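In the two complexes that follow, chain A is the common piece, with chain B as its partner first and chain C second.
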Partner chain A sequence: MSDSSDDEYFCTDWLPYSERKDWEDIKPLEQDDGPNPVVSIAYSQKFRDVFDYTRAIIAKGEKSRRALDLTTDALRLNPANYTVWQYRRDILREIEADLNVELDYLGEVIGQNAKNYQVWHHRRVIVEMLNDPSNELELTKNALDNDGDAKNYHAWQHRQWAIKTFNLYDDELRYVDRLICEDQRNNSAWNQRFFVLKHLGFTPEVIQRELVYTMNRIRIIKNNESAWNFLVGVLRQSGGDDQYQLNSHPEVVEFSEELYNAGNRSPYLLAFLIDVYQEQALHQKANNEQLARKVFTLCDDMATKHDVIRRKYWQYVASHLKSQLDKEKQQQQQYQETEKGH
Partner chain B sequence: MDFTTFVKPSNGDSMATAEATDGNDAKKLQFWKHVEYIENHGKQEDDYEYCMTEFLRMSGIYWGVTALDIMGQLDRLERKYVLEFVKRCQCPVTGGFAPCEGHDAHLLYTLSAIQILCTYDALDEIDTDAVVRFVVGLQQPDGSFFGDKWGEVDTRFSFCAVATLTLLKRLEASIDVEKAVKFVMSCCNQTDGGFGSKPGAESHAGLIYCCVGFLSLTQRLHLLDVDKLGWWLCERQLPAGGLNGRPEKLPDVCYSWWVLSSLTIMGRLHWISSEKLQEFILSCQDLETGGFSDRTGNMPDIFHTLFGIGGLSLLGHGGLKPINPTLCMPQYIIDRLDIHPQKLERP
Partner chain C sequence: MSHHIDMEDAIEPEPVLLSKHAKNLLRFLHLLPARMASHDNTRSTIVFFAVCGLDVLNSLHLIPPKLREDIINWTYGGLVAPRENEKRCGGFMGCRAMVPKTDDSEILECIRKYQWGHLAMTYTSVAVLATLGDDFSRLDRKSIVDGVAAVQKPEGSFSASINGSEDDMRFVYCAATICHMLDYWGDVNKETMFQFIMQSLRYDYGFSQEFEGEAHGGTTFCALAALQLSGQLHRLDDNTKERIKRWLVFRQMDGFQGRPNKPVDTCYSFWIGAALCILDGFELTDYPKNREYILSTQDKLVGGFAKWPQATPDPFHTYLGLCGLSFTGEPGLSAVQPSLNMSMAAYAHLQHLHELWRNNSDLAHLKLGSKGSTANATQTTTTSSSPLISAQ
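Here is the complex of A and B:
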């Protein structure tokens, strides 16, 4: 949190509220530091001046044009002060201010404070009051593109809210595709892709198209956690036996085996293959021991070579499968014995 | 008001015995430096940061109080002054707590206030019925919670609501727990098993902690895909040992806490490398001033100081009291309250 931009704003012609004629009627209200104040914080006269008057205005309940301007100054000094934002909304309603002017002002504030909960929430309330989302996609696009943070959680939340509330899904896949092209490891963009598809519906055609899309991305960057997670997420939409979804599209399994055979050892690829073979081992009664051995070997490779830091997880996966298969075997034996008994 | 308001005068120079400095400082817990850091929090005349964070003062006090208690140094603060401050912040109209006087009540600060009151065994000094009414009033028809009357919805608030009610022992017969659970589960992502702030929002370690903690408090951990989520959380550990909050982000001490506590609740703490994580957390200590920063070399703050100390406690570091992973409070307090957040067994 830096003071520099405020200094620019509150430059030479800054007149403290305590010296302003039109504020003479207000008695500034200092922060009550309780019965045992030890040290007064004397870092900024300006800050104290503005907030003493802001407290006075809030205590008095004055909702006027000058009070609105005062909150503008206060929020420029501390945009995270949610009480001031709330009071500002009260004023806006009371004096029936032009909310489009408020939107412009907020665009500016968000440009400087893109990671601030309060500003985004205020924006949302104003958009709701106006019932006009026409600037929201552009605003969030700017926050994600220009400010160099394509993963800004606040901007994505706001974008999802606007899309969901005002049904703005139409061009979203194109935008998301552009972001993924720019940075294939942008997890936020992959998440947004899933968000849109979930709304449009995972028809067999959509699933097919998305699997191809993702495999093409993985061909370019193999060790990409986001893309592999997305792939699994799409496969899980394929319906049918939910214990066999990872194997529902043989071309994906083939694709992964090809990567493996070509020598790729990305932990995400191996993790996917482990899940695939595990599913097969539990699903097929015939040669499940051979499949289980594949899982054990891959888990061992992960634990000792490719993902040593998480070795205990891989040891768990292997032992868990073993105990599941043992249990199945026992049940089968019991069943055969009771059959014999009859 | 600053933190030194609460410090007992007699503590003045008891830190003179601070550790001698040597080249290995960064590998050892600078215990007394951290105590001193918390005691001095906000003392510097020019503490811009402290003034800017007025709007979250209540949480700041909870972070400091809890960190000191984990270090066995709670008696350095004057109980009476802390409680006076907390009590002044309860809103007579809504029953919720404001971060400090002159601000509006909010769920975030209400939980912090209740946590502080529990730590001091002082729940009987406030109107708890009013707090319950405040929390209950914020639940929405879909089961979610507003943070305050302004209507922001977030899984953080679901956690704050059930944590507050659990500490007050009023979770049953207050809110609609079934609907609350349903909303939280609607924020679970099918791609990675994690949780975001709202349905469809990206998985994020801080919010996963809120949702896993929520399920722990409502005794619903069986709803989790533990293996899948557990793996995603393990993936947050980077080669240098620190944990990040989302793929391709930098490691951070607070995310280390959120991932670590979630894994602990799920009985999967052993899936990551504790030694490496401990190294990372210790590397984020400020050897000069005390306190922890978000990552190595940055400025310390009180928030990361609690999560640094808390993380080390979960990892079993010596000299620290055990911490409860769900409520981020010393375990002895949770025992005293006879509260039992659910925790899964190690498989």
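Here is the complex of A and C:
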């Protein structure tokens, strides 16, 4: 919950609407909060003045230049008022305003309210009306680069929407690569990478290339969940048996075992190995005790040394595997007995 | 008293300042400072955090009968009931910005075009009414659920309102809570809703706000809760459930984070905690570490919780912090129903109402809005001075 401050914008040359000559024809409309309101906001004089006139204009249905300017003031005071944004759009349509001017205005507003849902929605609608996405990559790039928040969810959402709607995939992989280089722990950038690749298609070549890319990243920073998640995500695109995908590329398993043998104990590495051996144990069906033991040992190491905060989870993983293997063994025995019976 | 003081400090866990939190939340029900004007449109959510927070604190008795009536009446004052020939925009508004104080019927008529129910405000308003033990007799369930169905998108997602809103997983969640609480799904399409949710499951097995966005703790809660509330959780296979559980469990650092490689924040003790409760996996987390983090954001002076230590507390983090603590069995707090995000007591009240509606077909018919009652309700229900309300 952030607080709004209107002083900066309104302090100089501010004339209340109630004192403006060109607004004399409008009778302001007070808000009806009922006889005994709760959670009442002690609105400032300015807020009251602007919204009393905004209500009057909306009730009157006036869609004019001055009404547009009034919504600018109202939205400066409360950028979360989605009804006023909608009314603003209705005005823009009616007076056939230059929507490029609106885009410029929005660039400014988004700069100040980069985490506000309504401003991004308004942007999306205006871009749709213009059918021109040429500023959107730049806008979101600025929000991600310059505003110091490369993980701004709204900016990424808007960027994905623009790319998807207007087919702007071409340079995206390069942009994402730059962001990952700058901060390998930027999970949003990894997600965007996956989004682009999914569009281009996870061909065997793409999978191969991405596995190498990700392993190279992990070599630099081993304890990075984003990269490990991406690695698993790509492996799961390799098709085939859903229960054996982590083992679909032996070089990834070798890479992980090398890291382990070299002494790395990142929980993400160990979690990956647990999943890999678990797959193998369940895949192999017979003579899988040794593999199961590997899983149990790793789970135990996690619970007691490397990932203590999740000790209950790793105990659960071990017991879950045990019960799965027991169930399989039982089924096998039953099968053998019925075979004998025949 | 034989303990050495230092020893005692080391063993004694920090207490949850129950009565300070109650007082803090109670204050928000009255007057809010001008700097909170940007929250004008979501005043209903502040009522929700305060009332439901007091409920979780077992302190609803601190709301005097008069204030309780005022809260209920003010909440009903936000109810929008469209007429037959109007857009299906039924539901609750979160504020009164579009309700002018005037007797001029022409003005009142004109501004109706900009009065729309909003799913998040409808969810929180209905939840507040349930928590305060209201019998919903002033609600036309069909009109509200018609409003929910009207904002569903062809791809299954939901907008917040009939006009002027984005659509995403938050409103999928709100839609599911409303239909579940009103025990009526009407024209809501559960199948496309399910498809939208599943299409938003990411490669790392968290859910995103929409389709291929980044997996996020809040939206993962919304997705799982919507599946549960719509009776579709069983459609997730075991492997998928285990992988989602992994993503959720990995969000714990001490408190919980919302995304990989992001800082922890008090509210995720609820979002991730509740999501794990839905998957029966909450007991796999580290309770003491979770508690320790939440308490590091407790304001010892004025009560309330903040997102981070030393940050300013607010009703949102205060309520979600309390719920997060409740999941760990914190003494003095009542149990919380994870998917509806309200107390078990409030949920029991809802279930009681559902039973009444189901058993009493006359009443059920009435609640689902005969034409007469709908037309009657539409006259004035957008203001709290409505005769329908003062008649109560």
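Here, the second predicted complex is superposed on the first by the 326 of 342 C-alpha atoms of A that agree within 3 Å, B and C clash if a C-alpha of one lies under 4 Å from a C-alpha of the other, contacts with A are read in each partner's own complex, and residues count from 1 in each chain.
To be clear about the criterion, contacts are C-beta pairs under 8 Å (C-beta built on N, C-alpha and C of every residue); 3 or more make two chains touch, one makes a residue touch a chain.
Quantities reported herein were computed from a predicted structural model and do not represent experimental measurements.
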Problem set entry | Overlay on chain A: chain C relative to chain B, clash or fit | clash
For this session: Determine, under the contact definition given at the top, whether A:60 touches first (chain B), second (chain C), both, or neither.
Result: second
Exercise. Of the partners chain B and chain C, which touch A:30 in the superposed model: first, second, both, neither?
Worked result: second
Exercise. In the superposed arrangement, does chain B or chain C reach more residues of chain A?
Worked result: C
Problem set entry | Which superposed partner A:80 touches (first chain B, second chain C, both, neither) | both
Exercise. Looking at the overlay, does A:310 come into contact with chain B only (first), chain C only (second), both, or neither?
Worked result: both
Exercise. Given the touch rule stated above, what does A:191 touch, chain B (first), chain C (second), both, or neither?
Worked result: both
Exercise. Touching A:336, do we find chain B (first), chain C (second), both, or neither?
Worked result: neither
For this session: Quick one: classify A:134 as touching chain B (first), chain C (second), both or neither.
Result: neither
For this session: Considering only the touch criterion stated at the top, classify A:112 as touching first (chain B), second (chain C), both, or neither.
Result: neither
Exercise. So, does A:242 touch the first partner chain B, the second partner chain C, both, or neither?
Worked result: second
Exercise. For chain A, which residues lie in the overlap of the chain B contacts and the chain C contacts?
Worked result: 1, 3, 31-44, 47, 55, 58, 78, 80-83, 86, 89, 117, 121, 151, 153, 156-157, 160, 185-188, 191-192, 194-195, 198, 225-226, 229-230, 232-233, 236-237, 271, 309-310, 312-313, 316, 320
Exercise. For the complex, which residues does chain B have touching chain A?
Worked result: 1-2, 4-5, 42-43, 45-55, 81, 84-85, 88, 101-104, 106, 150-152, 189-192, 196-198, 200-204, 227, 230-232, 234-235, 237, 239, 246-249, 268, 270-273, 276, 347
Problem set entry | Residue numbers on chain A that touch chain C, as the complex places them | 1-5, 29-44, 47, 51, 55-56, 58-61, 77-87, 89, 117, 120-121, 124, 151, 153, 156-157, 160, 185-188, 191-192, 194-195, 198, 224-226, 229-230, 232-234, 236-237, 242-243, 271, 309-313, 316, 320
For this session: Please name which positions on chain C make contact with chain A in the complex.
Result: 28-43, 46-47, 50, 67, 69-71, 73-74, 77, 96-102, 107, 110-111, 114, 116, 118, 160-161, 163-166, 202-204, 208-216, 239, 242, 246, 249-250, 252-254, 259-262, 283-286, 289, 314-316, 383-385
For this session: Write out the stretch or stretches of chain A touching chain B in their complex.
Result: 1, 3, 31-44, 47, 55, 58, 78, 80-83, 86, 89, 117, 121, 125, 151, 153, 156-157, 160-161, 164, 185-188, 190-192, 194-195, 198, 225-226, 229-230, 232-233, 236-237, 271, 309-310, 312-313, 316-317, 320
